[in-house]
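We call the chains A, B, C and D, going by the order they appear; numbering starts again at 1 in every chain.
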Amino acid sequence: MDITIPALILCLPLFMFLLLGIAGCKMSHKLAGWLGCLGMGTCLVLSYFTAFTYYFDPQFVAENGERIQHTVFNLTWLQFTDNLTINLGFLLDPISALMLVVITTISFMVHLYSLGYMEGEKGFQRYYAFLSLFSFSMLGLVVATNIFQMYIFWELVGASSYLLIGFYYTKHSAVSASKKAFIVTRFADLGFLIGILVLSYYTKTFDFIKMTSDPSWVLASTEGATFMGASVLTWALVLIFTGGMGKSAMMPLHIWLPDAMEGPTPVSALIHAATMVVAGVYLVARMFPVYMMEGAATMFIVVVGAATAFYAAMVACTQVDIKRVLAFSTISQIAFMMVSLGVASLGNGEVSHHGLGYMASMFHMFTHAMFKALLFLGAGALIHAVHSNDYTAMGGLRKYMPITHWTFLIGCLAIAGIPPFSGFFSKDEILSACYAWSPYIGMWMSMVAALTAFYMFRLYFLIFWWNNPDYGHHKPHEAPLPMAIPLVVLAAVSCVAGFIPFGHFVTWDRMPYDIHLDWTIAGTSIVVAVCAIALAWKMYCKENGLPAKFKNALPALWDWCYHRFYWDELYMFITHKIIFNGICRPIAWFDRHIIDGTMDAFATVTNKASYAIRGLQSGQVQMYVWVYLIGALLLAGFGVLCLIM
Amino acid sequence: MFSNPLIYFVVIPLLMLGALALCANIKQIRAVAVAGSVALMALSTYVLLEYLDMRAAGDNAPMLFVDSWQWFTPLNIHLAVGVDGISIAMLVLSSVIIFAGSFASWQIPQPKAFFLWLILLSTGVFGFFISIDLFTMFMFYEVALIPMYLLIGVWGSGNKNYSAMKLTLMLMGGSAFLMLGLIGIYYHSSADGHLTWNILEIARNGAISSGWQYFLFPMTFVGFGVLGAMFPFHTWSPDGHASAPTAVSMLHAGVLMKLGGYGCFRVAIYLMPQAANELAWIFLILTGVSVVYGAFSACVQTDLKYINAYSSVSHCGLVLFAILMLNTTAMTGAIMQMLSHGLMTALFFALIGMIYGRTHTRDIRLMGGLMKIMPYLAVCYVIAGMASLGLPGLSGFVAEMTIFVGSFQNADMFHRVFTIVACCSIVITAVYILRVVGKLLFGPVQDKHHEELTDATWWERLSTVTLIVSVAAIGCFPNFFANLIKTTFSPEIFTVLGLN
Amino acid sequence: MDYSQFLAMKQEIGLLIVFLLVFLYDTFMPRSAGKQLPVFASVLMLIFTAACCFCPCLAGSESAFAGMYETSAVIAAIKNILNIGVVIVLIQSVKWANSEEMAPRRGEFYELLLVTLFGMYLMISARHFLLFVIGLESASLPLAAMVALDKNRYESSEAAIKYILTAVFSSAVFMMGLSFVYALSGSLYFQNIYLALTGQHSTMLVLALAFVISGVGFKLSLVPFHLWTADVYQGAPTSVTSYLSVISKGAAAFAFLVILCQAFGAVYANIWEWMLYALIILTITVGNLFAIRQRNMKRFLAFSSVSQAGYIMLGVIAFNAMGLAALMYYILVYIFSNLAAFGVIGAIENATGKVSMDDYRGLSKTNPRLSLCMMLAMFSLAGIPPFAGFFSKFFIFTGAINQGSVAIYVLVLIALINTIISLYYYLLVVKAMYIAEEAPVVETFKSSCGERIGLWITIAGIIGLGIVSCVYNFLLDTTATSAINAYFM
Amino acid sequence: MNITLIYWLIPSLIMFCCGVYGFITRKNMIAMLISLELMLNAVDINFVLFNRYLFPGQMEGMFFTLFAIAIAAAETALAIAIIINIFRSIKTVDVQGIDKMKF
């Protein structure tokens, strides 16, 4: 495939960033906005074209029907050693093509949406510049040909998410949220970096294709090397996965994501729902053949994922801020994908159930991106309408804003896993993969699915039904056109996306594979979901005392969930009390008073000494002579001493 | 003698000194400063290109433009010059920072005296980087050190008397050890009694016995290390930087501290590889500590310059750390780190000076929301911060990554564990950088009087843009610089260092 | 006896002629012409110095009086160095010598000064202790008179009495030591002593050496024989102080080296190396420690000169040609640097009578040039490149380390660490002049022509002597080929 | 009895020590000068003795003594002159009075 179009896909957003970032302040809001959209639109078209060619052009399919991994270009960016080199390249394979589509779609939708949502905001141009920067980084991340390129763009998406979360930089909460997001992910990235170092030290390569095409060789290269009991490969993979945990907000590194909702809602939709947060999943998928080799690592992934999924779902049931509910649902959904990746392998180099989990995970990533972006944008429309994030300020909105209502409902159905909406299909694949791996994990995940359905509809009912508060003189208004269009488009996608024969496009070994619905599992999960929705309807459809009863029935549980199991408090304690007051301050004190004190002490001692011996110079001749004589004799004595020795 | 381009690195500053002495008014002084720094930049660029051409033409002598003129004949002291990739990188760095610095001190009081001292300092710096004769090297080294005293003492602020004296004495203390080390090297420079000060010859002879290396290596390494802000000899740096005027902080952190790292490599390690190899662990511990230690203590500072000084301790610690790793990649990283740290610290200090010049305070608790008031400076500050916490695309990232990857290639567990310890600094760096950015630039405006402050003037913009562009250049095209530096590690040096 | 051997003493004879001319001028010219005496003397001395520097007849080495007296290229060189110093002192002291209260004693200053210089010549050239003692005494006794020259100032006389008493005491001890040496070796000829002492090491010899060293160390003001220095420097008229601090110190240093090498060289390794070792450490350290707290500039420089003497001694302990060359070079540079400092001090004292460091505050604002000279002098004394002091220090260390033993490395390290202390107090002066914010004490004034010329010369030396390598090269070549090398091992 | 060198050396040593003692203890500067003379004379005696007993063949010690005596005289004269000068200005010859310059 010729190089220009992929290169353009990467360069266009970067160029837009520079253009809007440098010249933006001179432009009018409108111009900047439309420029941004134009750039992203072109990018969208180009990447659709690329993806299309990749999937449907026979030249990318080998004789045995395997889709080949195609490196469009791979430029040397920084050479460390002869075989360790950072390349900037463009790797085209099923998942990267998939991600190209997802990213550009969502990004374009958000660009469009923001025209309405961010209208008249101060720093509108800056906002679009940052959006372009983010799109650039994310695209670079997904097409990375080597793990270090991924790390580079990994950092860049972190930075642009920092900038976008802190977009309202005069708001304290926004600033601290952005800081939190950056530092937590930075911490995770440290793990990622060390993982890369360890892996590259043994494999002597960063290149994905090299590593994944023959993972047994990776295993061999680290053969026998262990560190603190575990094999270094386990260490490396777990550490790399830590990076993924950070970006994808897995427990215990999830705490930044809810706060990240301080950013503008479209940003949350783009970064913190659809694209950046799935980077972790993407990373693991990218390295999947290597992870397959290492049972411990995959087990770790499954455990973390399962725990996170349940935890987030629990918390989501109690949150008041609608964006937070969505944030936690995102966490839990990503956990789904992680688990599904984990269960795709048996850890001994074999895949379980034909690697269904892998495909399911990617599938869910795709569908989830769509409906979660839809939900967030809907939430944005609501917030835009009632100027508050809390459902307590909403209620009965279905009458005021029908489009939002219907699209939001579609989103909820999709995530709850009701056929024929897209979520149903992907989630069903995941569940069947889980059951195939181990029934316990399967049941666990079904329970989480139930919870998901419950809290989503809790949210839905609380917003659109529940009661009819008096909105006073300014009634909530329907979203303006530029905001409405993306909602509709995404809703449409969420309706049909489930019918894509996904197995033909994305599988772990890139061989086509037929999805067949396992109706026993599908059926049960539908039933479960419906029950959950019914419960939600019972509790929240009309204003009533049930929720309060519920709350009072299990106060402890409710408190813990409401306070997100006190994770933030724990982190506050560790960072402020222990690290800040327990390490930094003592060190600073030590530096000023001990190290520097010693240096000053030299000077002081010298001064003291010079004061102490001043008596020698008493001004008395006889004293002088006396010193002289003693000196001479001592000198003689010293000489004799030396003579004896 | 004047056919060699290198000599002009000393001649131009001297001419500038002469011209400055004749200047009558501020306009002329500025003209001289700008013209001179531009000339230096042009010269360094010219040398860079020439050098690359010659390398491309297959000239793999350890140093190029080598030339040497008799000075003190009986002692075999020469004025010997020569450059390799590292020195050229340093020369370019210095010229850029001097250029930026002379714009940053556009409105300094008593400009004449100030620029006289500043240029004297830069004379020392350039002389140090071009000379390959231990004696002249040491001479220029001290020439570069002493003007600091007056620059800080006269134009400084705060507790300047104390800081200036402390800085001067501590650095001179370092050079005391250094002098002994150098003389010692001279007397063991050759087996056949034909003693020499010339680095290349000493390296070629490799006659320093291991016993003496054990004695001389620490001497020289500590001697230079003091200027490289090596723990525990770094305490001059916070006070010194805090009191120094803007341009001096820029030059000092940007260039002068590099003399330390450069000397450690060029003298201590290059001439005494064996001791370097066997004693490295001691200094690895020290520097590894100072990387983390500096970062931690930066987290709680409230004075902008203190924060920066401590981050310098951390970053320069990384330089020495990487040099001690004794492998090509890590050393390349060390040199790139010198470049990157030089540029971004200079940028930091320039911005701090500009902010201080407006708000008259450096206490981050008394400032806030500057992004609203002086967006240009604020944005530059954010960029500098991003460079410092290692954002890809800016210089910090490539340097640090090269260091980490290089250091981690060491077969020995100890080195790798310490590399991981050093890696942790990237998180702590993020913490203190974001803390400052958040407190200083974001949030609501703290002090109502700051509302009517102005944004950067054209000369401030020029000086910052220069630095930012260079930072970005390194960050975006690292391979160019990496290769430039790698040209240094020609086979001869491999043999000397026992690398492969 | 063969009177032609007097011709060996060319420089002494020349000096005597200068002395006589000055003496006759002073005696027989009318009082009105007295005001020209300083210029006359300076010019004469200048001519004489120039002649000595460029006359080829001094290159050869001769000896006279059965080897009591010896001259050679090296010796001629050190004498020329002293001459140069004297010329500068004379030029600088013109204004002071022409002042009112000096009018009756103007001539004496010059005569005494020339006589002491003559004595130093003898010290340097003597190869027999009798001649040496004569030189020593004729170099030190007239100095007492010169110190007392300012007879209406009490400090002057106090300084003088302190000086004469301690000087006589020390010479008594010194001669006591000599008597022991005589007893041990049966001769006062250096080379006889050398031969006789070879292989000897008796307690008595050690005692004798200690006494001898103390005697010369007194003139060099080595700790603990230095206590007179500060008071005398402070009390004496500034011109005399500058003369005392550089010329007599330089002569004594060289003579010290000659004695230790040519007479006692045989017992270097096991006896006086270590004595000197201890003395050097003491001298440098104690001198520095005292200097830190001085506020009176002359007293301050006194202590700084004490520690400088310690550095000079490194050239002696080096016990090799490089050390000798470095010592001579150091003396030369030290002459220029110290005289620059004293030139400024004298100029300010003559103009305002202020000698305290506190009075130098803000001097750079009122008298920028003087303060610049002072700063350069301080930097040179502290050994900051590119000024000559740096080179002299570097070379003296190089020479010392050339001796090779590890102990010397330690010694040099101690010396180097002391340079930090010295840098501290030299910077104090710079700080007072440039950094102190207080209002200037000394108002702007115009220094006299002589002072200005003197300062120009010294500054030129400070800047030139290092950069222009030929001086040191010349010294090292001469010493490397001189006969004294026979005594080094 | 046969009078050996040692019999002569002891008195000279005693003289020297007396000189030192006097120099360090007496307050009157004239007295200090006298003690100085004692020391110098002790030195002279030494030289003469060594010459006479150890190296009878030659005269170096004798000559040295002659010169030493002359030098001693010169010193004393000079010292007394200065003492008188001091006496003029502060009307005392007490050595402990002259410590204006110290530390």
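To be clear about the criterion, a contact is a pair of C-beta atoms (placed from the backbone, for glycine too) under 8 Å apart; a residue touches a chain by one contact, two chains touch by 3 or more.
Since this is a predicted model, take the numbers as computed values, not measurements.
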item	value
Central chain (distance from its CA mean to the mean of all protein CA atoms)	B
Of A-B and A-C, whichever chain pair has more C-beta contact pairs	A-B
Chain B-chain D separation of Cα centroids, rounded to whole Å	65
For chain A paired with chain B, centre-to-centre distance based on mean C-alpha positions, whole Å	37
Distance between chain centroids, defined by C-alpha means - chain A, chain C (Å)	78
Centre distance in Å when chain A and chain D are each reduced to the mean of their C-alpha atoms	97
Multi-partner residues of chain D (each touching 2 or more other chains)	23, 32, 98, 100-103
Junction residues of chain B, two or more chains touched	169
Touching two or more other chains - residues of chain A	603, 614, 617, 619, 621, 625, 629
Pairwise chain contacts under the document criterion	A-B, A-C, A-D, B-C, C-D
Residues of chain A that touch chain B when the two form their complex	76-81, 84, 86, 148, 152-153, 155-156, 159, 162, 166, 169-170, 172, 175-176, 179, 182-183, 186-187, 189-190, 193-194, 197-198, 200-201, 580, 583-585, 587-588, 591, 595-596, 598-600, 603
For the chain A and chain C complex, residues of the former touching the latter	603, 606-607, 609-611, 613-614, 616-617, 619, 621, 623-625, 627-633, 635-636, 638-640, 642-643
Chain D - residues contacting chain A, complex	20, 23-25, 32, 95-96, 98-103
For the chain B and chain C complex, residues of the former touching the latter	71-75, 77, 135, 139-140, 142-143, 146, 149-150, 153-154, 160-161, 164-165, 168-169, 172-173, 176-177, 179-180, 183-184, 186-187, 215
Complex interface listing, chain A residues touching chain D	614, 617-622, 625-626, 629
